[in-house]
Structure formats: C-alpha cells, structure tokens
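Next come two complexes, and both contain subunit A; in the first it sits with subunit B, in the second with subunit C.
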Partner chain A sequence: MLAYLLKRLGVAILVALTVSLITFSMIYLSGDPAVALAGESATEEDIENIRRFYGYDRPILIQYLDWLARAVQGDFGQSHYLREPVARIIFERLPTTMWLGFLALTFALTLSVPLGVLAAIRPNSLVDRAALTIAVVGQAMPSFWFALTLMLWLGIYWRLLPITGTASWANFVMPAVALGYYVTPAVMRLTRAGMLEVLAADYIRTARAKGLRPMRVLFKHALRNAIIPVVSLAAVQFGFMLGGSIVIETIFAINGLGFLAWESIQRADLPMMQAIVLVLSVFYIVLTFLADMLNAWLDPRIRVV
Partner chain B sequence: MAGPILEVENLSVDIPVPAGLLHPVQEVDFRVERGRTLAIVGESGCGKSLTSLALMNLLPPRARRTAGRLALDGEDLLGLSEREMSNLRGNRMSMIFQEPMTSLNPAYTVGDQLVEAERRHRRTSASQARDRATWLLEKVGMIGAQGRLRQYPHQLSGGLRQRVMIAMALMCEPDLVIADEPTTALDVTIQAQILHLLSDLQREFSTGLILITHDLGVVARLCDRVAVMYAGQIVEEGTARQIFRTPAHPYTRGLLDCIPIPGKTRRGEHLGTIAGIVPSLVGAMRGCHFADRCPHAEETCRSAPVAFRDGVETGHRYRCILAPDHGPDANGERNRANGRTNPE
Partner chain C sequence: MEKAATIVSLPVLEPSPGALLRRRVFGHAGLLIGCTVLSVIILIALFAPWIAPHDPFDQVLDRKLIPPVWSESAKATWIHPLGTDHFGRDYLSRLIWGARISLVIGFSAMLISGVIGTVLGVLAGFFGGRVDMVANFLITTRLSMPVVLVAIAVVSLVGSSLTVVIWVLGLLIWDRFAVVMRSATMQVRNLDFVAAAQALGCSTSRIVFTEILPNVANHLIVVATVEMAHAILLEAALSFLGLGVQPPEPSWGLMISEAKGLMFFDGWLIVIPGTALFALVLAINLLGDGVRDVTAPDGT
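And now, the complex of A and B:
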C-alpha cells in the first residue's frame, strides 16, 4: 500500500511540474510580455525598463525556476491590474469556489448514485426510465442555459431564492444545482452500468447463497465494487466543475475563483491568470490522487504495484 | 433420524424466452439420504445447474419454479418466504459453485467472507467465528490458515479459492451441501485433491451432498447414488453400482461408452460418441427426449410421455419403454463399465 501511495505521489508531482511549466509559458504565448504591458504609446526605453523591472530580460529557464520557487512558497507576484499580491486575492476567493464545488458535487452524488443503484436493481422499470430522462436532459442542456432557467423561475417568477451574491446559504442553492447537474448524467449512468455488471457477478450469487439479506448483498458486496470507476469519474468531473464554475460564478455573480479568472482574462492580468490556472490544476491533481487512494482502499487488487 | 435429508418431487423450472416458454428442468424427482452423496450427471445444458439453483431458490429472476414437494429434513421449503428461505441458505443447506476464481468477492478478505457466513446465522462473536474459520481452513488443507484469513482472493490460486469456498459452505455445519461442478474450472491435478477433500469432509461431518458433474469417473468413486439427466429430465437413477454395471437407458450407455478406460481402450481406437444434438427445450415436448438421438427409438417412443420403469434391482429406475438389455452391444458396455468400477 505504501509503495503504491509513493508511486502515485511521484506521478502527481511530475504532473504538477508539467502543468507549472505550461502555465509559465503562457506569458510568452501572446508575444513579448513587456511590450504588452507597456501599452501602445510606450517608447523603446519604457519597454526596456519594464522588461528589467519584471525580470523578463533574464534567461527563460532562470525566470521559470525563480517563478516556480516563489510559487511553491505561495508567492505568485503582483497583480498587474489590482497592484496587490496575487496570492492574497486568490486565497480570499478560493473558499467560495471550494464551497460551491463541494456543494455541487454533493448534490450530484446524492442524486446520481442512489438513482443509478435503483435503476440497476430494476432495469427498464419506471425508476430506470425516470433516471434515464434526468440523465439525457442533463447531458443535453448547457449549464449556462440551465442556470439562467433556474434563475428565471426560482429567482424571478417564484421568488424562492436569491439570484446573485454570496450573502447566505440560500445563494448557493441554484449555483450548486446548476453546476452539479452537469456532472449527474455521467455519474448516474456509470453507477447503473457498474451495478448491473456487479449484480450479475458470481460473488453476488455466493453472497446470496450464504443467506445474506438483500440490503447487505447490495450495499456491502455489490456497491463497493461498482463504485470504484465512479470514484475516478467523480474526481475527473470535479475538475471539470472547477472549470465550469467560471461560467456559473459569472452568471450568479459569486465572488469566487471562477469569477476572478473571468475578470483577469478581461483585464489581461497575466500573473493572476497564471496563478489561477496553477491553483486549479493542483487541486485537480490532488483530487485525482485522493481518488486513487480511495480506490486502492476499496479494491485491494489496485494496491499491487 | 429416519427419512431423507432432501426430498424433491416433480420439480420443474420454466423460463420465458422470446421464442416461447423454455423448460430447462422438467418433473425432476430424487431424494438425498442423510450423510450420503447423490451425483447428478449430464452434459452441459441438461438442467443440472438450474436444478441445484432451484433447490436453493437462487434462480434468475425470470425463471419460475414449480414442484410437488421440496423438503429439507421433512420441512417444506415451497411455502417459505424469501426471508425464511434466506435463513436456511448457508445455514442448513449451502452451495459450492463452479467458478472459484469469480465466486469470492475481490474487495474483502477471505476471513471477512468466512466469518460473515457464520455470523449471519449464529450468535457468535467475531473472534469465535474467526476461530472456526481458521479451523475449517485447516480442515480443507490450507497451510498457515491463520494468516490466510487476512488474504484477499486475488492472492490465492484457483485451487485454494475453491478450498475457501468449501470451508465457507461448511461454516454453519449444514445438513446438505450442493456442489455444482466444483472442479470443472481447476487443473486436473487439483481436481482429484478437491474431490477427495469433499468426500472426506462429507463423511466426517456426515453431510448430505449433491455433486453435480459431467465427470463419470468422479461419480464412480465418490457417490452412493447417481441420477443421469438429459434435456431437463432425469432419465435414469440408481446406485452407482447399478448405473455403471447395468445401465438401462440408452443415453446412460452412450455416456459410459464415451469414457476411455486405461488399459482397456486401445490407442487409436474410436471412443463412443452420441450422434445428433440436444433437442430444443422451448415449448411442449411429447415422448422421450432422447428419441431423436437414440439408435433404438421406435414410433411409440415419440408419441407419448415415457414414465419411469423399475430396474431389476430395487432402487434402480429409468425412463425407457424398451427392455434394459436392449441392443446388441449392451453386454460389451457392461463389461467396460465393470472395468471402470473395479479399482475402488
């Protein structure tokens, strides 16, 4: 188990380094950053000053290592637009996005896993068809459109929930549903498929031959095996949700990382964008790592390196 | 203490399929005496596995079971609810399956799965159950039984897994064990070990055993009684000696003819085969199921259902309207069968 953990950890660190390299090279993707910063009416001298001020005159490798060393210590430099440390702004906004992501994933899993299990126990039943409908609708509907629809009905016509902001928990209901619903179809269908396969397995028959009660057969013997691919998928989907939260946070005016990313793109605030991409990527890597660990706990065969 | 441990009368299984109603098991009846072994033999698809699942009430959801009588130690099983039935399963009757590689849950340790089998039915502590599991693993010939409890199925070979399955079936000291082709998926060298183990344990615990197999060699050595199944029906039943020495049904004789006998069957000699294919079991079938493949079939065989007839010795019966010694080669077959049963 320890060997497997270390191996996955090594892979995670390598992925994080690769992501950091790509993130860093973003600066040079849109040409010379000093020219972009200086603006249109700048003289040659101004540009040279800016280049020296931000250290863009140094060799690229040195720039990268310097940037990486600072980033590891939590220093992402100054925001070009807000003139404040990037790290401070990000860590102000991060909890909101994490909270939204957590709520959305909780909503998605509590809806999709039980429905997937029910659909698998009674294939082609009413429950199965209802679950399929939910899945197809979720798959077909763009999340921004669903978010706007929710807003229109629940927020404006029926006045049940606040439309924008982060004042109370009620503000998070619609964004979490809109964001989580996007993940639901895949998780539900995978749960159903996994359960159907596992329920037909020989060891389920063995469990029944032991006289075990149906609930125990279902939850102890079947679900644990069926849920393994779902865990991996949920981690991947959570990553997509962090990306999707850019849209959702913008629609609901939630002051999170996604909203910040959107603002920074508009302001061409490079250090901020770099940092956001890196932080979200690292979160994604950590989640994937945790999913691997959870799966290793669920399925002893994975632990064999 | 008198009376058989299991009585089965008129057991049938029907499964609706697109083409109609499939009858994989038809009017099967037999009994298993206390501490005795009944073999059910027949080729693939003859209904022997479904018969065993029907006894345990573990049939696939769409299959329907009907029976005149189904009783374990005199207690009627037909009237039991699924909940009451589950109280007996793994407790007073248990089952060993064909596929040891896939019959254990990969996510739990051997110990967990063994302990669970006992604690479902008995009020024992976890440590008592673990002690029994260790003791049974030793009984089934596993070295280092204590440590095996912490192992996962994927860490064990097929033979070891089947030993675990046997131990699991014995956790609650059942009155009846049903072993559905317990050695088919194993190496030939392991097969013999597992069968001897089953037979030894059956004698030691004086458990009734139903051994489902297509291996007649196994049957000859280990079983008291034999039921031969063909196309959903029992076509002949008797003591192992009767079946091997005086097989009456043409199908039984054909089966015995298919086995090479060391020292008797010459190299290069043709082994017997049974011409034709198994009939479709969809829809109603009149007459003898074997008629289309039987070398002696007559018009009367196909026209009416064939009832059981008693053999010369008591306890021997067969579904054939023709006399037991019918056919020119019957004597030759009996001699070969003799050669087979002698070594025991």
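And now, the complex of A and C:
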C-alpha cells in the first residue's frame, strides 16, 4: 500500500508541476504581457516600466521558478485590477463555489444512485428505460440553456425561487440543479452497471439462498460493493463541477470562484486567471489522488504498483 | 453434382453477418432517429443559402422582436416564421446559418482531438511500458485542467475567431479518445492475428494500420460522436460567455447569449436556439449509442 501511495503521490506532484508550467506560460499567449497590461495609449517608456515592475524583463525560466516558489507558499501576487493580493480574493470566493459544488453533487447523487439501483433491479423494465431516457436527454442539454430555462419557468413564470444572488439557501437551488444534472447520467450508468455485475455474483445468490430479506441483500450486500467506484467517480466529478461552475455562476450571479474567473478574464487580470486555473487544477489532482487511495484501501487488488 | 449444389446452398439459410448487421441497424430506433435528425440538420446547413428565407445579418429595425407564428400576438407573421431578434434579423435564417457553425466547429474540433488522442492511445496500448506511462501522464495532466476555464482564458488571450475556437477545443478534448483507444488497442494487441502478423514479419506501422485500427474502429466512431457533441456544447458555452464565436455570426450559443437580457419578456428567443442545440446534440448522441449497440451486440 505504501509503495502504491508513494508512486501515486509522485505522479500527482509531477502532474501539478506540469499544470503549473502550462498555467504560467498562458500569459505569453497574448504576446508580450507588459504591452497587454499597459493598454493602448502607453508609451514605449511606460511599457518598459511595467515590464520591470512586474519582472517580465527577467529570463522566463527565472520568472516561472519565482512564480512557482511564491505560489507554493500561497502568494499569487497582486491582482492587476483589484490591487489586492490574489490569494485573499480567491479564498474569499472559494467557499461559495465549494458550497455550490457540494449541493450540486448532493442533488446528482440523490437522483442518480436510486435511479441506477432501480434500473439494475429490473433491467429493460419501464424504470430502466425511463432512467436511460433521462440520461440521454440530460447529456444533450447545454447546461447554460438548462439554467436559463429553469430561471424562466421557476423564477419568472411560476415565481417559486429567486433568480440571482446568494442571499439564502433558496438562491442555490436552481444553480445546484443546473450544475448537478450534468453529472447525473454518468453516475447513474455506473451505479446501474455496478449493481448488475454485483447482483449476478455468487455471494448474492448465497445471501438469497440463506433466506435474507431482499431489501437487506440489496442494500447491505449489493449496494455496498457497487457503490465503491461511484464514490471515486463522484470525487472526480466534483472536481469537474468546480471547473464547470464558471457558466452557472455567471448566469445566476453567484459570487464564487467561477464568476471571479469570468470577471478576471474580462478584465485581462492575468495573475488572477493563472491562480484560479492553478487552484482548480490542483484541487482536482488532490481529489483524484484521494479517490485513488480510497479505492486502493477498499479494494486491495488495485494496489499492484 | 445436383446433390452437392443442395448441400452448398444450406448455409445460405443462415443470415450472413452483413444481413445480421443490417437487421440490427434497422431494428434500432435510436440509431435511426439520430441518423435522420442529424442528416436533416447537415442538409439544412449545406443548403443554408438556398433554404434561409432572409439574409441572417440583415437588420430591419422597424421589425424588431416579432414573435414566432405560434404565439397569439398580432405581430406574428409568416414572413418571419420564427420571429425576429432585437435587431430585426430573421430568427429562422439565423438558426439555419447557425447550424453551419455548430457542425463545422464540432466536426473540426473532433477531428483534431481524434488525431491527437488516437495516436497517443494506440501508441500507449501497442507499446505499453514507458510509452504507456508517458501517455497516461499526459492524459492525467490534461484531465486535471478545467476545460471551459482554460478554453475561455486561452481564447481571451489569443483573440477570438472561428479557427481559434476550433483549435483550442481540438487541443483540449482528446482525453477520451486516448483513454478509449488505449484500452481497445491493448485488448486487440494480444489477440492471435496480431501475433500472426508479427510472425510473418509485418512492420509495426503495417500491423497498426491493417490489424489494429480496423478492429478498434467501432470504438473510435463512438468516441468521435461523443466528442463532436461535446465540442458543439463547449462552443455554445464559450459563445454564450462571449468568448467564442463573435457577433454578428449566428452561433446558437451566441443567439442565446444575446437574447438572455430579453428572455423574461420574450422567452422564445432562448427556447428556439436552445432546442436546436438540444436536437443536434441528442441526434449525435443517439447515433453514437446506436453504433455502439449495433457493432457490439454482446455488450463488449
């Protein structure tokens, strides 16, 4: 287990370093960052000053190492637009996005796991077909359009829920549904496939033959085993959702990390953009690492290095 | 002689693999629906200049926000069956021309990512070992970066155009191709006919192209449909956020974005392009699911 853990940890750190390199090089995509920062009316001298002030005149490798060394210590520099430390703003906004992601995942799991189980109990039944239809339809709906449609009906026509902001829990219902439904098909399919496999196993037949109640067999014996891959998928999807929250937060004006990312991109606030991409990527890397460890702990067969 | 002929004709009673395939194709409702809808949308896109009743860029300001014909408003007219937008541009014509943008971006981005992902996946699956480790590392790295965020950041820095959107999406969504091709190649690689080809002294490239690729082609088609749908949805999301296709181009995502300020009064402005997007993506997904079911009836 320790060898497996160390190997995974090594890979995770290497991936994080590669991501940081890509994220850092992003600012050079627009050409010269100093020119971009200076704006259109800047003189040659202004640009030179800006270049020296932000250290863009140093060799790129030195710039990267310096940036990385600071980033590791939680210092992402100053926001070019807000004139405040990037790290402070990010950590102000992060809880809102985490909360949204948590609610979205809760919604997705409470919908998809029972549906997946029901579909697996009676394959090709009406429930199975309905679940499959939900999955196929869900995957084809653009999330931003689904969000706007929810807003239009639940918010405007029926006036059930507030449409923007973060004032109360009710504000999070529509965003969480809009963000979470996209994960539903994948989780449902995995639950269904896992349950089908487990229900066909010998120990389930034994449990039934012993005369255990069907519900007990289903939940205690089958679901507990089928749910293992679902847990790690959920962890991975949580990471995806934080990245995808940019669209939903922009629509519902939720003051989280995604909205901040969108604002920063509009303002060409390079240090902020870099930091958000890096923070979300590293968060995803940590999540997948934890999911791997959980899987290996639950299923010793995975631990082969 | 006569007797021999009757004996030979017996196996004909057994349907040929081709006939079985045809039977499965025509018995699969999802596949047929997906194929039909996608073909209709492709035809509409191809013949857009002849089908569209108006110029999609033509602004007629005294004909702003005419509702579609099924609304009860007195302004509704058959001259603009789906109404007009806030600039008085014919909505149906914009919808028809928008199909081109979605299809071109979806298809091109899918091709780029398909080439990258397939090369990576087949190499990893065929050679294994170090090559596989490197491929896995690249896939993990790619997956850890949030697609939408990186895409809009890059587009905003490089500058937005159709080509930029295609390349950014193509360079970002190859992961599934690589993952699926890797495992499919691994399975095929250990089969006897690959060993036979190697024993005959076939070159590696010949084995990859004539033995491996044809046998993983069905997986490739399925992933291609998934990623084309993915690219179309991403383009719409990018354009919706204002960092994809730029106005006045009639991208469906952009149409929704332009209408979102008016949607509380004129809901159909977002319902129409959204439905079009939904229908296109659903058709592509149905086609992909159908190909998967038809080519692997035993569920492999």
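Side notes on the structure shown:
As a working rule, the second predicted complex is superposed on the first by the 276 of 305 C-alpha atoms of A that agree within 3 Å, B and C clash if a C-alpha of one lies under 4 Å from a C-alpha of the other, contacts with A are read in each partner's own complex, and residues count from 1 in each chain.
We take it that a contact is a pair of C-beta atoms (placed from the backbone, for glycine too) under 8 Å apart; a residue touches a chain by one contact, two chains touch by 3 or more.
Quantities reported herein were computed from a predicted structural model and do not represent experimental measurements.
In the superposition on chain A, A:225 contacts subunit B only, with no contact to subunit C. Once the two complexes are laid over each other on the shared chain, residue contacts for A:102 go to neither subunit B nor subunit C.
Among subunit B and subunit C, the chain that touches a larger number of residues in subunit A is C.
Contacts of A:145 after superposition on the shared chain: subunit C is touched, whereas subunit B is not. Judged by the touch definition given at the top, the superposed model places A:202 against subunit B, while subunit C stays out of reach. By the document's definition of touching, of the two partners only subunit B reaches A:211; subunit C does not. Residue overlap on subunit A between its contacts with subunit B in one complex and with subunit C in the other: absent. Contact residues on subunit B toward subunit A in their complex (touch as defined above): 56, 58, 86-91, 94-95, 97, 99, 102-108, 116-117, 120-121, 152, 154, 165, 168.
If you check the complex, the residues on subunit A that touch subunit B are 201-203, 205-213, 221, 224-225, 298-301, 304. Chain contact summary for the complex, subunit A toward subunit C: residues 11, 14-16, 18-19, 22, 26-27, 29-30, 136-137, 139-145, 148-149, 151-152, 156, 239-240, 242-244, 246-247, 250-251, 258, 261-262, 265-266, 268, 273, 276-277, 280-282, 284-285, 288.
Across the interface of their complex, subunit A is touched by residues 30, 137, 140-141, 143-150, 152-154, 156-159, 229, 233, 236-237, 240-241, 243, 253, 256, 260, 263-264, 267, 270-271, 274, 277-278, 281-282, 285-286, 289 of subunit C.
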